[in-house]
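Two complexes are shown next, each including chain A; its partner changes from chain B in the first to chain C in the second.
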Partner chain A sequence: MNKIEPTILKGTRDFLPQEMMRRNAVMEIIRKAFEQFGYSPIETPIICPAETILGKYGEEGDRLTYSFKDRGGRLIALPYDLTVPFARFVAANYQDLPMPFKRYQIQRVWRAEKPQKGRLREFYQCDIDIIGSKSLICEAEIAKIIVSVFERLRIPNITIKVNSRRLMNAILQSFGIDQNDSLAVIRIIDKIAKIGKEAVISELRKMGIDNAEKIIATLTPEGTNKSTLEKISKYDIAELKEFLSYCTDLGVPEKNIQIDPTLARGLDYYTGLTFEVISEDADFGSICAGGRYDNLCGLFSDKDFSGVGVAFGFERIMLLLEQLKITGNGKAPSQVIVTIFDENSVKDALQTYSKLIEANIATEIYFEPDKLSKQFKFADKKQIPFVLIQGPEEREKQEITIKRLQNGKQKTIPVNQLVSYLSNYYEAQ
Partner chain B sequence: MKRNNIRIAIQKEGRLRNPSLEYLESLGLQFPKQNGRTLVVPCKNADAEILYVRHSDVPQYVQNGAADFAIVGGNVLYEKDFKIREVEKLNFGKCSLVIAVPLDSSIQKIQDLEGERIATSYPNSLRKFLRKQKINAAVIEIRGSVEVAPALGLADAICDLTQTGNTLKENSLKTIETLFDSMAVFIESPFESIRKDEFIKKFITTAI
Partner chain C sequence: MNKIEPTILKGTRDFLPQEMMRRNAVMEIIRKAFEQFGYSPIETPIICPAETILGKYGEEGDRLTYSFKDRGGRLIALPYDLTVPFARFVAANYQDLPMPFKRYQIQRVWRAEKPQKGRLREFYQCDIDIIGSKSLICEAEIAKIIVSVFERLRIPNITIKVNSRRLMNAILQSFGIDQNDSLAVIRIIDKIAKIGKEAVISELRKMGIDNAEKIIATLTPEGTNKSTLEKISKYDIAELKEFLSYCTDLGVPEKNIQIDPTLARGLDYYTGLTFEVISEDADFGSICAGGRYDNLCGLFSDKDFSGVGVAFGFERIMLLLEQLKITGNGKAPSQVIVTIFDENSVKDALQTYSKLIEANIATEIYFEPDKLSKQFKFADKKQIPFVLIQGPEEREKQEITIKRLQNGKQKTIPVNQLVSYLSNYYEAQ
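Entry: the complex of A and B
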């Protein structure tokens, strides 16, 4: 019989247990941070009517959105990010939501682009958004959460780049750029980190913007936020100043925030402050990004809610953790494995297994009596730290032996001390 | 709660109590001999009062500003991991936190503790030590009479305070490692106040 090739699609991945344990641990840290700040979890469907997704991100976003016809001939799209599905969610459910509403959402999104480092076609985003408040305290809170998340993940040297869409539009206008052109101009400026200043200037020139060099010079950040703001002080910088002042009160370290007037964020829906987080240690783009969007919910409802939020790029964070060598060890979930010495040991082994599970110690049992060496080998492969052995002699004396595979050390103790021994065991390394 | 008195917390009962009172008297503070039940005793010659509390609770009171000053064993500060400003080390209440094993034990050096059961009333201090030494072991927490744990088959070693070593000897135990030496310290709450500054000027700076 012909076998089916066990292939998967380009840009998708299988995750084996070790890696999955690491991913779950990181996701849990992020989730805990979000909940610490009072964000509630939600989930939205994976398959969506295409019109809820398309037309929100700009040309490139539309092109990269996965879409297909379902059996009823409807055009279906997969989420390109979690912000647009969330805006749709709010429009559909706002009557049941406490406003302002703070939610977090950790789900997969899909982009049909060329797979690159830290960016597959199917990947996780971890989003937080606040909807229904225009206060800049929201933006400052987001900055605080960003710092907190990366601190918890022990990722050092992160910078939150911040800009204001309103300010950027005002600056562009003062250089004679028509409002209709500004989105196109912003999209070019957005590429500055990718292709460099010179290339951006020449692309702008091609658009017929002769003063491109001056524009870029005006937008380029200075050494400190203070001097950056001074340079553009003839424009309305009140928004950025208020944001910075809230950040100070919230204890967001100044070194982590950089006002960067060139920061564009290619997406169309941003209207206020925009964020992009970069790491000095990463050789790829941003690891978290977002901003304020005033009109997104209005696309789905007569009610209009202003929202602000960021998405943490989970895959890139995993990649960065790996580069920084601060990934956990991805051990098997079990702390303990109960071996079965021989047929006569089955009953005691099962009882020990049950006792440990009831004491909340993550435990598994080897499923049949077998050579101990084989059972050890299995435990070793799964990296289970404690192996329990109870042969006839130990059974006689109501004792049990605990073997540490890491160093081969064995300790025999009374069976009734087993739970206390394991739950008080201190792992120094 | 508004409070006009300086409050000094000391051990309610135990080895630090009397030397602590003597120390406060040496600063020039006068107070009636308390009957053992009153928890707050006012000073006769200063706007100050003495607060008698459980020894292990002393740092908590100072940390939160419920007491302005306190006398506490350095071992308690270390165990509770409180970072509180020390005004002065006091020359009493000396003791050591040690690891001891039965005289006939096969455990001879700290590396032999790997995988063993260690009974203690100072679990955090012990874990800090184990972490530094990279030793994995079961830390069995016992509130008191730690020294009998090995004889009862509950532990292979103990980690406990000792002053003279007599208790260890009586229980056929020998010290294999000293974690740290400790003495009483005079500590100060982290909150600034004029009241506190004045008190330091009047009683403490002159006495030191």
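Entry: the complex of A and C
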């Protein structure tokens, strides 16, 4: 029979134990942070009616969404992000939710992109959102959580870029750009970090915007947040000012926040403040992003709720941790392995194994009698600290040998002292 | 604009915080059990090349697999279970794995079935598998873990039904059933628990098997494991006997194991012992099932590894826990909520919030000044035990009031004692 290639799709990944344990540890840190700020977990389906996903991310978003017909002819889509499914979730369940509702959600999402560094087709996002409050305290809380998450992950030098969609629209309008064109213009400006000022100006000119240079100059004042706000003070900057003041009250360090009037975020659904978090140490895009969306739930319900939130890009965070060599430990779950000396040792080995498991000691057994050297090598590969050996002599004396692989030291003790010996060791740790 | 219905597909589900927290708690118990026995976590992709999924579950399995073409014309499939993706994973990664390799995997899988009680289209499985050892100690360990998991979940009265594919084939052969027909016959016998002996006999007769009654009589001897084995002792029952002896050594209670010569498990890939766990208290099918598969990795690789494992049906376990009223607590993550008395209280409230978060106390803030009664109601809905209030009087005296919602008691203390007051409370818990 022909072998099937054991391949996976480009942009998707297999996670081996070492990496998986590192990922789980990082996810746990993020989850703990979210819960400490009072966010509750929810989960939404992966296979979704296509109309609940498509048409909310602009043309490019639709193009990048995985969608297909099921056998019944129903059009299905896989989530492109977790924000739109959350808006749908709120519209369906708001009567059972405490409002304002704060949720976190950690799931995979999909994008039919060309895979590259920091860009996968299947990846995890870790989202927090607050729905049902228009208070700018929400935005400040989000900034506080962002700082807290990256602090807990020991990732230094992060900057939260902040902008206001309303402000950007007002600036564009003051330069004579029609409201109908502004989304297209914003999408071009969004590329400024990627392709540079010059290229953006030339693209805008191609659209027939002659004063492109002036627009970009206004949008890129540079300097401190204070001086930036001063330079654009003829526009309505009350929103940004209020946000900054709440951030100060919450103890968000000023150095972590940067007002950036060019920040656009390509997505169509943002209406208020937008966020993008970058790291000085990352050679790829943002590691966290989001903003306020006033009308997203309204797509699904007569009841409208304003929402605000961000998605932490889990895969990019893992990449960054690796680059920063903050990788953590991916150690074997087991602390003890029971070897099987020979055919006659099977029964005793099984009973020892059973006893240790019942004493809540993470243990495994080597599944068949084999050369001890091979069993040691196996234990070593799995980094299991304690190896138990019971040969014929030890069996006769009702003893067992405990070998520490790390330093090769070993000790022979009566079998009936084994559990207390190992338990004491754990308590001492 | 027309509203989009906030619907989800039949057989998929939204999980609200209460249920999500219950699910997380149960998953954590299962995960801990797996890890205690030395199983390591892995994860495999959700969008897969179709050829790595299809063709391994028989015709019905293929029919129930979600598959579709992506925009590049590549045929994609979503996992039908976690065993076949694991076999593919081993073929791709065996050089980096310690052999024998024990992994656990908790992920969603999909089946395009007609949804009904205990049967969803999108659901979680919790799998353990051992690959790279033919020792029957593996099977006994699996039985031990099954008992341990259900014990930890406090689910009583479970039975592990066990059979041997080899034995079943030998019995069928002795009744003159051709090896080529045996898979079709096994699939019919597999329905015995669902449709009853009579119906199975009549279906077999339709296939032209005249001695169907005798076959079924041989396969359903009833009685204890010992008497069952005696009745079929003219066949090769060494495998089952060895398995039972290891189970005894591992302390698996005899009452939890039942040799059942009719147990077939519809899936094509099993070659050795098969398992199916049923609960006396469940009015739906099995809650855990699996078996040994000798040739599954061989589909993907020249290197062949025998494997054995089971999948715990997470959704059915949740259903059963609910029926048994073992639901656990789904409490709010927050312990404290900071209310905002009026516009003038915002700054102090934000600072209090920030201080508590920094002291690692799970806290949230109400996002805007509002009637206290409304803020209390919100706290109550979220079951947050401590509510903090600071009105103008308290603010002036640098005090703050702590109200316990459970009993309505309240206490006013100096603001600078708040953190130590709440921390002491937690330590005392």
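Please note the rule applied: the second predicted complex is superposed on the first by the 347 of 429 C-alpha atoms of A that agree within 3 Å, B and C clash if a C-alpha of one lies under 4 Å from a C-alpha of the other, contacts with A are read in each partner's own complex, and residues count from 1 in each chain.
In this section, a residue touches a chain if its C-beta (ideal position, glycine included) is under 8 Å from a C-beta of that chain, and two chains touch if they have at least 3 such contacts.
These numbers come from a predicted model, not from an experiment.
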Partner chain in contact with A:L9 - chain B first, chain C second, else both or neither: second
Touched partner set for A:I76, first chain B, second chain C, both or neither: second
Touching partner for A:T363 - first (chain B), second (chain C), both, neither: second
Chain B versus chain C as contact partner of A:Y425, first or second or both or neither: first
Chain B versus chain C as contact partner of A:S334, first or second or both or neither: second
Partner chain in contact with A:V109 - chain B first, chain C second, else both or neither: neither
Broader residue contact with chain A after superposition on the shared chain, chain B or chain C: C
Touched partner set for A:C126, first chain B, second chain C, both or neither: neither
Doubly contacted residues of chain A, that is, touched by chain B and again by chain C: none
Contact footprint of chain A on chain B as seen in their complex: 114-117, 127, 130-131, 133-141, 153-154
Of chain A, residues touching chain B in the complex: 402, 404, 407, 409-411, 413-414, 417, 420-422, 424-429
Residues on chain C engaged by chain A in the complex (per definition of touch): 1, 3-9, 12-17, 20-21, 23-24, 35-49, 51-52, 66, 68-71, 74, 76, 78, 88-89, 91-93, 96-100, 102-103, 108, 110, 112, 121-122, 130, 133, 135, 137-138, 140-141, 144, 148, 246, 249-251, 299-302, 332-334, 337, 346-347, 350-351, 353-354, 357-358, 360-365, 367-368, 378, 381-382, 384
